[in-house]
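Here is the structure we will look at.
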């Protein structure tokens, strides 16, 4: 358990450093950077590499946005196993829905509660 | 891309660019990376604590605890965004606070808060995905392609 | 959704407050995630040194000898045997193949038994909690068997 | 009177009768807080939206300018102003309430000097006797339009600049030999320059060539050089832009004394305020000139200044379409007869 925290910290930190390098060295906008990371996550999962990685790093792999791509592929593949090609479309949001729905729900609650501070 | 751009520039513009570069404050890449590493790592460690919390006290396993964990992280992100702390954290940590899912939450929540003056339907509704939209679009589309390719390969392999 | 989440967060805060006063579990399961607890294998409803007890001890030994595995909890219910274990951190990359290897090995050596094998912390935690209660005679045989079924159901949710 | 290629001389010396300057909380913590007439401690300023707060800033600055010289709005012929928001609505809405015939300007952050140059020209040639001119910007309203939501945690690079929350308005009038009032003597209208910079977080670097070009043109047209002025001050070039502009002017053979070449965006804020490269925005040059600089002139610190307001004529759309940033600069010289 304690090594888990350590590796979550290190791996999570490293993914963020990759993002920072994309900001500062490649001069990408945040939107470009995050989109690229999500696509990278999806491709890694396509090769079956993301899951062992998540086993190893725990939240260090599931909290960064890369896991969003991984979760989308996962949902699609799960459905694809039972429903074939159609499942690819229908299963996409099966696993990820919680992250997106939480963000939407809290976003709206936030809009009800808060004003931008500037 | 960059090459094409340079070709379009007149010699005068290129000369100016070189002059201007001399005075341009360089981005402190190393310092930024260190800050991103520690803040990003810390957010992930907090995520790990939260996920163990769900494992320990609720009916979540290591695999399923991911969902409530990201929801909780986004919830905290909402509070920090609403109280005007997340933008300051972002200036400090850069990718350290943008890459974790809390940054995804922040991009949705900040857009929602920002546009409430234009009404809830057209303002909040129309702009909530202003920043996160590209992440969702490319996430979904790339996942579709990856899953499609993988499924086709598996079915062909099965034949 | 909203109210459900609210309850979750309320519980979240509450359980932090209550965590200190919790007296249900003895120290073994409390520290199950933090350190090696190495619980004794249990066969529900079996006497000391019965045939089942010998079998579970054999299973535990077998499991512990597998590469990368440490801290094994084994509980034998009416039909099923739960084998929960921890994987050394550097072996976590190949956690899936370790699980498969172990499954095959157990099936080969104990062809008559039904195994539920998991490296998930949650399954481990619940198994140790079950062990605690049985040790402290808080569970009747029936209750214990019911609990075994619940843990197996939890494991099935994972896949 | 046209002088040279692109400059006007104002032989009748239109005077700046009075000014009004308003600002936000961030400016209140800066160096020049005491030069503001009105300071708000909240970005919302009691309004329902940032855009309304933006309008309020301009209205208050205009009212203050009018009150100080005890002139009624009816006695003013024209109101020449602008801002950065789409279709310059804050300014137009303020003009609706002021009920003064109105010219809406857009020159990005150079609006203040564009307005002052036009106002001086009109008054010098009896096109008007009193004109209200000014510019304003509101940090959150501008950020919202040009960049990200204000609460978004994006990292600004050190080349970025901070949009000023503030409005500066001047009442320009015909010269009746009023004592100890600053007056405008000349103006140079700049041409749009594009040196191929496309980074919207490096406005100073993009605008420096425009500033240098306008200053060179001003010197050439009027047969002056930098020593004529006690102070040459640019609008919002920031650290990088200022140094680049000095280098450009020196390369062109002008002798520039860096101590007499300042930037409004660098005067406003303290070092510990997170403004990166300096202040910017339409309100930047307007608040610093109509507040701080004119006060200093009246105190006798400067006799002749040249204010060069620079503007980056970009929109979020052109940035996304990967266009480079065209820039402009307008210069107005202001003098005072010392007591």
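Structural remarks
Note that the chains take the letters A, B, C and D in the order they are written out, and that residue 1 is the start of every chain.
By our rule, contacts are C-beta pairs under 8 Å (C-beta built on N, C-alpha and C of every residue); 3 or more make two chains touch, one makes a residue touch a chain.
For clarity, every value in this text was computed on a predicted model and none was experimentally measured.
Judged by contacting C-beta pairs, the busier of the interfaces B-D and B-C is B-D.
Distance between chain B and chain C, defined via averaged C-alpha coordinates, is recorded as 37 Å. Inter-chain centre distance (chain A to chain D, centres taken as mean C-alpha positions): 45 Å. Work out the mean CA point of chain C and of chain D, and you get 71 Å between them.
Shown for chain A are the residues that touch two or more other chains, namely 1, 4, 23-24, 30, 102, 109, 115-118.
Annotation for chain C: residues 5, 33, 121 touch two or more other chains.
Annotation for chain D: residues 50, 148-151, 154-155, 157 touch two or more other chains.
Viewed as a contact network, the protein chains fit none of the simple shapes, being neither a path, a ring, a star nor fully connected. Contact residues on chain C toward chain A in their complex (touch as defined above): 1-2, 5, 33-35, 89, 92-96, 121. Chain contact summary for the complex, chain D toward chain A: residues 43-44, 50, 139-140, 148-151, 154-155, 157, 199.
Residues 5, 8-9, 11-12, 15, 33, 120-123, 125, 154-155, 157-158 of chain C are the ones that touch chain B when the two sit in their complex. Residues of chain A touching chain D in their complex: 23-24, 27, 30, 115-118. The touching residues of chain B, counted against chain A in their complex, run 27, 29, 32-33, 36-45, 47-52, 62, 66-71, 73-75, 77-78, 81-84, 93-96, 98-105, 107-116, 120, 124, 128, 131-132, 134-140, 142-144, 146-152, 155.
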